[in-house]
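I've put the structures underneath this note.
Each of the next two complexes has subunit A plus one more chain, namely subunit B in the first and subunit C in the second.
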Partner chain A sequence: MFAYLLRRLGFLLLTVVLTSLLVFLIAQVLPGDVCRVILGREAGAARLAECRADLGLDEPAAVRYLTWLADFLRGDWGESYATGEPIREWVLGRVRMSIMLAGVAFVVAVPLAVGLGALAGLLHGKWPDTLISIGSLAVVGLPEFVTAIVLIQFAAFRFPWLPASSAIPVGTPFREALPALILPALTATLVLLAYIARLTRAGVVEELRQNYVRTAELKSLPRWAVLLRHVLPNALLPTITVIAISTGWLVSGLVVIENVFNYPGLGRLLVFAIDRRDLPTLQAIVMVTVVAFALANLAADLLYAALNPRIRVGE
Partner chain B sequence: MSAPLLELRRLSVAYGGLTALREIDLSLQTGETLGLVGESGSGKTTLALAVMGYLPPEGRVTGGEIRLAGRDLAAATRAELRAIWGIELALVPQDPFTSLNPALKIGAQLAEGLRLHRGLTRAEAQARAIESLREVRLPDAERLAAAYPHQLSGGQQQRVLLALALSARPRLLVLDEPTTALDVTTEATVLDLVRDLLAETGAAALYVSHNLGVVAGRTQRTAVLYASELVEDAPTAELFQRPLHPYTRGLLDSLPRPGQRRAAQPLAGMAGRIPPLNDLPPGCVFAPRCPLANEQCHAERPPLEEAQPGHRVRCHRWPEILAGTADPAQPLTATAPALARAAEPLLQLEDVTVAYPLRRTLAEVLAGQPRPAVQAVAGVDLQLGKGRTLGIVGESGSGKTSLARAIVGLAPHSGGEIHLLDLALPPDVQQRARPLLAQLQMVFQNPEEALNPYLTIGESLSRPLVNLLGLRGPALAARINELLEAVRLPAEYAARRPGQLSGGEKQRVAIARAFAARPELLVADEPVSALDVSVQASILNLLHRLQDEQGAATIFISHDIAVVAYLADDVAVMYLGRLMQTGPAAALFKPPHHPYTEALLAAIPGGGAAGVRLAGEIPSALHPPSGCPFHTRCPHSLGELCETETPPWQATANGKQIFCHIPPADLLALQPRPEARP
Partner chain C sequence: MRQHSIVRRLLADPASALGAAIVALFVLAAVFGPALTPFDPNQSIYESVRVPPSAQHWFGTDHLARDVFSRVLAGARSALLLAGGGTLVAVLFGTAIGLVSGFRGGWLDEVLMRFFDALLSLPALLLALLLLGTLRAAYGESVSAIGRGLGVFLVLAVVYTPIVARVVRSVALGVRGRAWVEAARLQGERLPRILLREILPAALPALAVEAALRFSYAIFLISSLGFLGVGVQPPNPDWGLMVNEGRRNLSQVPWAMWAPAVTIAVVVVGANLLADGLKRALMERDLQREKDA
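Presenting the complex of A and B:
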């Protein structure tokens, strides 16, 4: 088990290094010139060259990559080309906001989705299953900006205490931010919900057919014990991996949701950074996202191993 | 006679509109063991599940009663059944590998029912669970209770399921093919255990099996099911000696008896196949395959009549069969007498080794350690003459399939040499020239997987003809018809797809495909083990006939020693990748044997319960035992000599070669002579 953990951590490190290289390369081939953006269209060639030298853009790419990586690892993420703010504080403040939003969405979506999925799987072929399956299919087909706008139209105008815009200051404590979080979190929940519920349903239907379920039922166990002790732990194995992968999906989903609701999270910052050709900020955001994604996958693998003795305990 | 424990009265079960069981009348006394025999599609598993009150959702009792100690289970609700399940009525399922929850420890799976029903504490239930593991003679019960199912062998898992079923001392145990998924020597020990435990606990048992031999020595009565009907029910000994139903007779004649040889006593296969449930014949369900069927049989469903006291049969013609004026035996298809062949060598294996490399850890790679490997086949020497049949017997893990795959090049041999005539075969099939490929063909175990479901039968057959023989146009079509005819399939099958064929028919196509390129050598890996008994015999006869007609040599691989002995000229016995014994098939049943062969012979179901049983499990091929690989389980081990020294090959007086330290004369004294058989 220890060797397994070590191997996973090794892979995680490799993933992060490779993506950092990829991010750097993409930032290099991106069209547009930072200095042109900073200085405006009328700037002369001399001013541009000076600006490039200031920012270190005239060094060879390899040198720039290594310098950037070393600085990044030391915690010196540089300053924004666009605003001059220190990137680390800026990005991490936004990360906290996004985690709040994603956290609320997850806490609501995952238990609800697993519960609905398990119910549908248990009653498969009966009307609650049909209802849940069709409902989740309908929701999964809607893009999140549509869900968001519909929610704003219906909820925010009916219930005045629900703000239609979630433009709160960065660093707002969770308790105060909660009303502003409800609608964006609900949007994210709906999309996550459908996917996880469908997967859980499939898992439960599949496991209910297994012979060990018959063994358990013929032990005279009540239905709930069969479901909780025997079916769910096995049925949730594939779901766990998907939940972890949907963390990555959630990041991209948040880009849209945060922009629709004007919520000051990482996703909004990402759009801003791209818009302003703010490469150091962009790189920092992508690195943070990649690490978060890799950690979520690691957590999923560990949880999978913990629930699956065939991996945890060797032959 | 007291009131029966279990009584089925005119029980009918249907799936949707399809009748799976028709008006079954059957009863079982307290403490009695009743065998229920049938092929796939006969309804025997449906009957077992109906008795359990656990029919699948689409299954329904459409008529009749299932009375357990007077109570009607057919009308019981789920809640009422739950009060009986595991307590009065328990099931030992067919497939141990999937019947335990992979995510829970064995002890927890045994304990949970006890905690719930008996209100035991966690510790009490755990202690009781360990005790029940001891009752099924599992050594090291504490350790097993803390293990997960995947850490146990199939035999151990089946014992756990037996412990689970018996833990609440049920009055009736339903055993649904409890040993079908197990190796033959494991099967023998589990069957002995079941018999002993039933005697100890006094439980009655309904013993469902497709294998008449399994039922033979272990039940008081046997009922035979065929296509949803109960066709015969009699005391077991009487059923075997004097079957009255032509189907029962056909089943008995389909199995090679130990020592039966194809030349002297060919098997009588049954023509046709079990009718599908949506197309049952209007009269007697067996009439289309019955050699005695007359007009009445085709038109009128026969009643179940008591022909002798305690012997019931559902056949119009039982009085004539009983009187001996009608012979229900299936006609023998005449087979050409085997030609005497010069033993010109065709295939020679010298010190052949097949190793499957394993992964190294990073640390091992850095330390420069060599890549570890599992030796599936270790140093095998064999010869096969032109047109001869070599049988290879072994259990799972013996390396018999790896050897077969090495010969055809699917599992490249890593050491030694394989010569076909004078040509050394390249290990990998990719490196073998096309004319060579045509010489070596293989028939696989599972016909369901061996044929491409998207190709028609004709297209499947044309592949080797086009690729290996270069046939085109009318010649190709003619050869396909010829092949279909050779395996006794109608020519219109060329346009069908595998999905429309039964298992036996698919295996016929696979055999036709193997013979298509006119090979010198056919390698058949368990070609009949996935098939029903009545189909098995006809496939064996087909293989035998084609082999004679085409003059191909055959390597026939099976776990079933009686089948191998029936078909082969020579027999080789494998264990843990090594040969244990070689010799003529005619001498196989006559001692002296290698001790492992002795155990295999003793494990033949129906061959009597006497004889040696093997303890323990087959050791891992990754760490084979030192000295003689069989010494860890050998009933006659000499101790240190066997544990440290590789045994010599010794010749016996009846022409066998035995890989053993014990002199053949001593083995002869240790081993019983086979009983004389009629």
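Presenting the complex of A and C:
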């Protein structure tokens, strides 16, 4: 188990470092001269030279990458090109808001999705399965902004007291933020729900095809015992991985959802940074997300290993 | 004969047939749509500002008095060109890389796969936004509409190539030790021929399913980018962009938002159904073959 932990941790570090290199290449090397980006096309030669010296652009790319990575790890994320604010405080404040939103969605969606998915899988081919499958397919197929707009329209009609815009100040405590969280969290919940339920169902159906199920049936165990005692434990274990993968799905969804509702999270800041050509902020946001995504995957792997005797006991 | 039976299987299932019909309609709209639009999609019709759906304007007119039906129809072409083209490029590159990587193995495979792991550790929309944001910062607002389209197209190829490559690679890895591949190698066949004649056919079913799936996600991604305002720019009739413009004028012209929103949903769900059906048809065929053998 300990060796497994170390291997996973090493793998995580490698992925994050490689991704950081990729992000650096895209955001710093791809655009060519960053100073032209900041100062615009009409900038004079003197100001350009000054800016380049300021940002250390005369150094080779490898040195710049290492400097940036070291600064990032030390917590010095630089200042925004757009507003001059220190990026770290700015981004971390938004991270808290996004986590609040994602947390609510997760807490509601995961148990519901696993339950519905398992139900559909166990009854596959029957009407509850058809209903759940079609419903989840329709929601997976809808872009988040369409789901969000449908919900806003519905809420405005039925629950006029719910705010349609969630533009609350950054740092609002959870209790006060709750009314503004309901509609965006509901949108995220629906998307997650459909995604996880579909994959859970597929896992259960796959498991039902295994030989041990036939063995259990042939020795005339009651159907419910086969399903509850044999199929479900095996089928539900991989959903841990599914849930971890769905955090990646949720990240994409949150970017859109936060923008529909004007919710001041990381996704809203991301689009702002793109609009204002604020490359260091863009870079920091992407790095934060990568680390969060990697950690979610690590947590899932460890939980999976802890629950799965084949890995827990080791080879 | 073989293809024929898959098509028949696919169409026998109502959900898959519906998906196939929707995708076919979408392709037809993309090919012929721009020639069939009753009005110029970018031209204001000043005598009919914000009129609701009617016999003359099927989906009404928007806040700038443009015919919404014409815009939706015209938008099909750019959606198909971007999503289809991006998917096609990703499939071509992904297949080539996956075949070589899976067949050759060794350090090349290791390096490529780690690189793809890094790319895939970024959620698709995030990677797309990072790339488009950087491109925008570098080239500014001066870029033409074609340049913007090209950016989206490029981003799709970069985002989806690693996914396709992984699928093809795993098939290549699975069959490279098989007798027929070994025989070809011993016969002294050259590498490209082995890859194309012996390995690629084994990967085709998985590739077809993956391509259909990527295509539906591509439409999804493009419309999200359009909605966020970082993809195709106004006044182009991009569906995501139209939803965003429509949302700002929702109280006066709700139809200007609902028409493109419903269209996106229908096309994405249709492509999804088709991909699902294709997967099932291929699985059933394999089961049938096992029984026959």
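Keep in mind that, in the parts below, the second predicted complex is superposed on the first by the 264 of 315 C-alpha atoms of A that agree within 3 Å, B and C clash if a C-alpha of one lies under 4 Å from a C-alpha of the other, contacts with A are read in each partner's own complex, and residues count from 1 in each chain.
In this section, a residue touches a chain if its C-beta (ideal position, glycine included) is under 8 Å from a C-beta of that chain, and two chains touch if they have at least 3 such contacts.
What you are looking at is a predicted structure, and each value in this text was computed from that prediction instead of being measured.
After overlaying the two complexes on the shared chain, residue contacts for A:L9 are found with neither subunit B nor subunit C. In the superposition on chain A, A:V256 makes contact with subunit C only, not with subunit B.
After overlaying the two complexes on the shared chain, residue contacts for A:V63 are found with neither subunit B nor subunit C. Look at A:L18: by the touch rule set out above, it reaches subunit C but stays clear of subunit B. Partner contacting the larger number of subunit A residues, of subunit B and subunit C: C.
In the superposed pair of complexes, A:A49 makes contact with neither subunit B nor subunit C.
Legend: residue contacts after superposition of the two complexes on their common chain; A:V140 is shown touching subunit C, with no touch to subunit B. Shared-chain residue A:A167: touches no atom of subunit B or subunit C. Of the two partner chains, subunit B is the only one touched by A:A216; subunit C is not. The interface of subunit A with subunit B does not overlap its interface with subunit C at any residue.
Within the complex formed with subunit A, the residues of subunit B that make contact are 52, 54, 82-87, 90-91, 93, 95, 98-105, 109, 112-113, 116-117, 148, 150-151, 161, 164, 361-362. Across the complex, subunit A meets subunit C through its residues 14-16, 18-19, 21-23, 26-27, 30-32, 37, 41, 137-138, 140-146, 149, 248-249, 251-252, 255-256, 259-260, 270-271, 273-275, 277, 279, 282, 286, 289-290, 293-294.
Listing the residues of subunit C that touch subunit A in their complex gives 114-115, 117-119, 121-126, 129-138, 140, 216, 220, 223-224, 227-230, 240, 243-244, 247, 257, 261, 264-265, 268-269, 272-273, 276.
Contact residues on subunit A toward subunit B in their complex (touch as defined above): 3, 7, 210-212, 214-222, 225, 229-230, 233-234, 307-310, 313, 315.
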